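One structure coming up, written as structure tokens, with questions to follow.
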Amino acid sequence: MVGNGTLLSVENVSTHFFSEEGVTRAVQDVSFSIQKGKTFALVGESGCGKSVTALSIMRLVPAPGGKIVGGQIVFEGENLSALSEKQMRDVRGNKIAMIFQEPMTSLNPVYTVGNQIVEAIRLHQKKSTGRAWADAAEMLRKVGIADPDRRVREYPHQMSGGMRQRVMIAMAVSCEPTLLIADEPTTALDVTIQAQILDLLDELQKQNGMSILLITHDLGVVAERADDVAVMYASRIAEVADSRPLFAEPLHPYTQGLLKSLPRLGLSDKRLRTIPGTVPEPLHFPGGCKFHPRCPIGFDDKRCQTIEPELREVRPGRRVGCWYAPGYETKEEFKEYESKYGEHKSVPAEC
Amino acid sequence: MTTYIIRRLLYTIPIVFGVLLLTFVLFTLVGGDISIEIAGKNATPDTIAEIRAEYGLDKPLFLSWDSQFINHFKNAFTFDFGRARDRELVVDKIKRGVGPSLALTVPMFFGVIIISVSLALVIAFVQGSMWDVLAVFICVAGMSIPYLSFILFGQYFLAYKLGLFPVFFSPDLPTAQYVALPVLIGIVSGLGGNLRFYRTVMLDEMRSDYVRTAFAKGLSTRRVLFKHVLKNAMIPIITRVVLAIPFLFLGSLLLERFFGIPGLGYLMIEAIGSRDYFVINAMTYISAILFVVFNVITDICYGLVDPRVSFE
Amino acid sequence: MGWWTRGSHLSEHRKILKTEQPKGRSLWKDGVRRLRRRKLAMVCLAVVVLYFLLAGFLYLAELFDWQVGPIRWQQEVGKSYQPPSRENIFGTDIFGQSVLRKTLYGAKISMTVALCASFISLAIGVPLGAIAGYSRGVVDEIIVWVYSTLSSIPYILLILAFAVVLRDKTLFGYKLTGITSVYLAIGLTSWVGICRLIRGEVIKHKNREYVLAAKSYGSSGRRIIFKHLMPNVFHLVIIDFSLRFVAFIHAEVILSFLGLGEATRPSWGAMINDARIELSRGVWWQMAAATVAIFFISLALNIFGDALRDSLDPKLRIQ
């Protein structure tokens, strides 16, 4: 999947947290790549490790206890893991920028909005203070804030949630990064504002040609905005595909369950469908496939209970990690299963 | 802003009233009539009556315009504290004691703050490392050693044994000399608790979301600490620092006692020993006033540092 | 679609849920579990328990007149001012009494005082805080006024003032001995902190959904406070208790040192007071013994209190 249009390639990255409670394997063996100018969505429920993955790319994993223990991250041909801290600081905010979920607490309350944007500008570009402030006001205008010259001297608490998120975006794109990581940028906002913010991101993407790594748990957003999708579950990637094919034909039971649980008009089911059980605790991950306890096919399957399926490309552009995904199993594995456990489960026809 | 200040000062009135009420209850009601004690063992009933009249103890407690209760409040507002047990005017005693006390507590105050805040910044920098753990342990250990032992040990070892400092106050010594050792002891013993507090404040701020954003922008740890964290940390730090100022006037009770420094703390200890309610009463009242005034000042400083606070 | 066949998801659920069920854990069990893992905290807890056991044992010994070592602290075990030796591990004081015995006895005094003072301040502070936080209005204003007043007077000053006044007074026909006045003084002045804390928490929790829910099915105010609010703020009480205990021990030491405490029986503060004169004669062991004794209990309580606070902090939980 790594071609010329590849901007960022995450290869077998694992990030663990070490504490007195034990080791929390937040991210295990995660691989995906982001193409230039495209939007890549990383989907999953709370706690599946998507935020930690994003922080790992920025090498901002929380210091006491957190550490990237394996894999590498290649950005614009350069191995980020090999850079010194000083070199990494030149990348952060400059070539790769990140915006976070809570705009209220993510901005420093005791400095003006303009001050914080100017800080980013002057850090990476050689501009005078005057120019930087002018640029900051211009950025505010670009992200759709009215009366930017006045707003630029205001404090975060004087603004609404949506405006603060726009400020965050302004700060992030002020140095024209090639990759913008957006960690649940709209989760804390009203529904009407959500659409505006996402439109703004689309707009900026078209203008600057930057790629976006969109982290979210909202499948609706993914369907509308993403070009490529990776579904994460319990620290691992379950499935990677282009957006349309994923929604048309999800291959992993988890993805299928997620899509099935979306309420839809017109269906005659009286109950909302859910995936039974709950997301496992990182300190007590189940053995074998992490999803097996909740999976209709894997919960009583001996192989799913003991051997973790790795990600495999079952079709061009589609990778899955499930023993029973069509095209996954090799003939040898099929035979091995039958000799070990007996009758193989049948792969059902599509619904 | 002026309306805010006025409003806050108005609110201090019930507090001061409360303090006066408390001192009245403690020293007049519960403490009782001490004219007998003042008069001494072989006093005649006449002497006792004289003393009672002089100290106003023969007046009715509550129910008249000239009652002890009313006089208590009247005297407080006019800062008329009467005479101490030894017949000297309380006000004079206090005036004498302020100088030495401040000479002791002001250097201690600044010393502790400057060292603690600087060290706290350094520790926030090396957060999580061995130095951090060591620093915490030293702080906790320092907080666990009784203050008395610090003083005794310092006095015995550094002054008596090693002769680096004078052991005791004497009027012909220059201020700097007799204050040096007590200040040193005060700073060392006070570092533990303060450093721990400032460290916690710094680390709490380090965990904030805006610090994460600052790092994501590519700022170095030094920049993040000095620009972002420090200003936010100032808010609880200022609160604590400004509120410590009223205590400066009280002097350090124990240090003064040990080193014989004739400040307000020494005055207090003597008053405790001789059950001199008048002195204790006056000191309590003054401390309370200083405290509530500085509370208001703290709020104002707070508002100056934190743009979220409005004086509405 | 795919594996999730139509219409059968209920039976699927039942099948699946039988295999694995995550267990819920209360804050307490979780906290205790995390606490147990910290070896250092457990050691400190052991030290604290040791001190308590010693104090309790001595208390009983006095009550039932068991003639054990520390009780017989008055006995002359050697010549006066003997340095530490094999017979007397901590040496002797001016009267030839064993410093070791005095130190052990001092534990009883300190622990008793701190315990009594804790009970008094909790007995006053917790209910007042809960009532203030829950009722708001006039009752709240009054309680806040009371504790604001108390807290405007510097702590040491306040305790000294109380101790001086209460000494040798009779309260309801019961004469206040030195030590009683000490823990009354400490207890009556130290409830402010916990009161504020509880009040703040109750105010925070008062508007949470579970309280509104309880109100909606008709729970009375008192029931809400005790059954619903208290368990949620109780962990703060425990943490405050463990950290304040140290302060009480130190306060007692200072009061005893100033002569306001127990005059006739040995206490750590009195021992340090003796040391003022003794040091110039080169007699260091009384002060050392008292300091060491105070140091270890304070250190243990500080470390344990911190560990307790970290373990019970809901923000640091796994889930």
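Note that the chains are named A, B and C in the order they appear, and that numbering of residues resets to 1 at the start of each chain.
Here is the rule we use: contacts are C-beta pairs under 8 Å (C-beta built on N, C-alpha and C of every residue); 3 or more make two chains touch, one makes a residue touch a chain.
Just so you know, these numbers come straight off a predicted model, no measurement behind them.
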> When you check each chain against chain B and chain C, which touch both of them?
Replying inline: A
> Can you name the chain that lies farthest from chain B, using the mean of each chain's Cα atoms as its centre?
Replying inline: A
> Using the average of all C-alpha atoms in each chain as its centre, how far is it in Å between chain B and chain C?
Replying inline: 24
>> Just the number, please: Cα centre separation of chain A and chain B in whole Å.
In response: 54
> Any idea how many Å lie between the Cα centroids of chain A and chain C?
Replying inline: 48
> Okay, in this complex, where on chain C does chain B touch?
Replying inline: 145-146, 148-150, 152-154, 156-158, 160-162, 164-166, 169, 246, 250, 253-254, 257-260, 268-269, 272, 275-276, 279-280, 284, 287, 290-291, 294-296, 298-299, 302-303, 306
> Mind pulling up the chain C residues that touch chain A in the complex?
Replying inline: 1-6, 9-10, 12-13, 15-17, 19-22, 34, 37-38, 318-319
>> For the complex, give me every residue of chain A touching chain C.
In response: 20-21, 250-251, 253, 256-257, 259-260, 271, 273-274, 276-278, 280-284, 286, 293-297, 299-300, 324, 348, 350-351
>> Touching residues of chain A toward chain B in the complex: what are they?
In response: 58, 60, 63-64, 89-94, 97-98, 100, 102, 105-111, 119-120, 123-124, 155, 157, 168, 171
> Of all residues in chain B, which touch chain C in the complex?
Replying inline: 14-15, 18-19, 21-23, 26-27, 30-32, 140-141, 143-149, 152-153, 156, 160, 246-247, 250, 253-254, 258, 268-269, 272-273, 275, 277, 280, 283-284, 287-288, 291-292, 295
